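Written out below as structure tokens is the structure these notes cover.
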């Protein structure tokens, strides 16, 4: 069902966990649909210096979560915002069609975390 | 790594003797049973022997047995065929909310054709209440279809009582016995059953062969139209080898049913007890006693079923997160939802269904492998800490 | 006594390599293709490989191939499914009077549901006229279904021309290629075919497996309702071994089609020439050239087909008096009647259909055995002397 | 499909042919239905001394024809009229159900021949 790269990221995901006192938190999905992703980020000088995830979901959801954290770390906010769900799937050499829409939310979660960070900064929290 | 197959509710390995029985019909005995020459006669006799065997297995007579392409076709023919042939008498059908899709989707198609369908609810264990059935019956009810045992959670229905209600009201009663066959004694007269579906590949027979029992006198329209095979009720050149395999599979599982069931039940109870002891935040679904002897069905809170399955597969253990045909989809099981489970829990199910080849060592292995997998996935889950804290507090 | 099988149009012996290809899926590769674990994946891959092979065989793409339980189900699904899905566009269907019962009986059922069906006539050779098809088309025609080659008399239809007419009028075109497959090159694009039926057991594959090709974009309602197998178009646990067998059978017959066809044609021509030379008051039915390479179909005047068949069987020769599924009945063949034969002649038919195992010795043997049998039966016939005198006068 | 006795009577039928100058001729069936039986009889002292048949039809039709001729020879007219299609089938140890109605006409053919004989006698032919 899944290709080797997806399986690798599912079995050995990087950046699991939650950053303590994160600069931004993004959570997407909902348990009714079978997928929840929670991404926490640390930002320094407009750059993502740490990105962690927690995911309730299928292998695709876990692999994409892990992949986005790897892709995002070190990127500027602007670069990170340019990451899409599609680019995550591509980086994993593709996902089964049925998983493309439903479990491929990692970029959304990252963007939500960035948005949260931006809101907080704007409010000067 | 030895692989351990725990998905017997999806399909079973074929018994070697079933293959042996089939082989002649995949080789020199290739006659078309409808022809008149000797070669055909031997094929025909083989089909008729299988028919007798199936009839005897469920307490029917051979003329009441029709061979189909599987449980799906049998269920379709039962519902659609009864509806078409009896629409003059009424257009109301009763079934349950936990049937296999072969029944549910046929019922839905009949709704589009103007039939009205009542889907009976089930309790938390997945059981239909006799009182609910009674209450649902209307003057124009022509068919009641209730499965013998559920394919996901393994719950066994009180078929005899339900059949009695149907009989009291003179309503045609169909039961999908695809999962029950081979584990529970079937007797169409005792159980008041007018139509009954079976599928060979669930009882160590070949895939692509099924049975529909139709009680003599019950009107059922043909689903497929064509040649005169199966006494004019199911056209198409007979799958002779498949039918012979089905007959042999039934002969084998009839032989030592009690012993087999007892052994499975023992293994299953070991598995259930072990899982409940070793893992917390886990629940067993389905009825604690009235369940299929090989069925264990769990919910592991905070994690999702597919990732659990794939992790188990990497350890050589084959299980299911519900029915085989829904595991390609992302919908949570309609059975679990009907039993009242919230969506988030319904996503975390694991069905392990045992069979002939499984041993105590297999169970031990599962009990070793499963807890760390569950833990690993929970450690990744955003739901785990929050909830665990709450429930652990 | 060596037995000689001459009923390949009814069913064929399975090629040993087909069985070989199937065996793993009747043994250790028993996974349910819809599941997620490795075992299932291998079953799934095997099914998909077969699908690719079938697609390539008829010039389609794999997503357009659906596996069914046989030619009958494929024909039923084609007609019923197109009718249901396109009834908004019209309720007229065109087919022919010489189709297999799987088509004719489905058409008849649709007539009861309010569709109107035109049954095209055929000429004395069993061929449909393109002009007749053109004349039958109406504004509300939604489907044309014409068989590629006839199962009784072997006549081949001008499918490409007929398909072109359908295309010109933008009408869905189905062809039952159950008998043609393996003998005639099939190409759905060249022939303008939108749906095409195949059956494995007619081409040295297993009984109980078929194919329906559905061109992308053509709307066809599901005949069976249930699980999501076959991309949601044909539910039921896949007959994996059967599908693999079908794929292998197609691979084999694709290999050296021309050579095989040439050999069969040679044997068939020997048989036909011999029969016509050695027996009088006999006629060959079907088209003299546009006929299936293995088909020889005769009428022996003054005698009845079944007694001829049984006499041949006692000599170890298996033939047919028409289609296999009507030989249990007493009706004369609808195909022969449609070709204009009077009832009394239609009763005296003998179909001999050749296949891979047949040899020149087989033909010689038939040519030795058949004349005295015909003579014996004629000597018993009250029609013989009278008529023979008349025609001999 | 057929039992041994039917097959024996089909393969080795007795009394095939037509009696020259018969006392009665009976023909039943019709080629449209696929079965025609023609029975000719010779009568002496109210007794059937010779019975012959010709049949166009299936194995069952041929076997029943042959059987009725054997059963009828030596019988009085009255005894012969008591023979039924059913008794012919029974004498053959049974026929396939599908053949019971259609191909089991031999007694009818015999009765037709007897009737023909009786008509002729009555008319003093």
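For reference, chains read A, B, C and D in written order, and residue numbers begin at 1 within each chain.
In the analysis below, a contact is a pair of C-beta atoms (placed from the backbone, for glycine too) under 8 Å apart; a residue touches a chain by one contact, two chains touch by 3 or more.
This one's a predicted model, so the numbers in the text were calculated from it and none came from an experiment.
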item: Number of steps on the shortest touching-chain route linking chain B and chain D; value: 2
item: Euclidean distance of C-alpha centroids - chain A vs chain C, Å; value: 56
item: Euclidean distance of C-alpha centroids - chain C vs chain D, Å; value: 40
item: Chain B-chain C separation of Cα centroids, rounded to whole Å; value: 35
item: Overlap residues in chain B, where contacts from two or more other chains coincide; value: 36, 306, 310, 328-329
item: Residues of chain D touching at least two other chains; value: none
item: Category of the chain touch graph - line, ring, star, complete, other; value: line
item: All touching chain pairs, where touch follows the definition stated at the start; value: A-B, B-C, C-D
item: Of chain D, residues touching chain C in the complex; value: 2, 7, 10-11, 13, 16, 27, 31-38, 53-59, 61-62, 98, 102-103
item: Interfacial residue positions of chain C with respect to chain B in the complex; value: 3, 5, 7, 10-14, 16, 19, 22, 26-28, 30-32, 34-40, 68-73, 75-76, 100-102, 105-106, 108-109, 199, 201, 206-209, 223-229, 235-242, 306, 309-310, 312-313, 318-321, 323-329
item: Chain B - residues contacting chain A, complex; value: 302-304, 306-307, 310-311, 314, 328-330, 332, 343-344, 347, 379-383
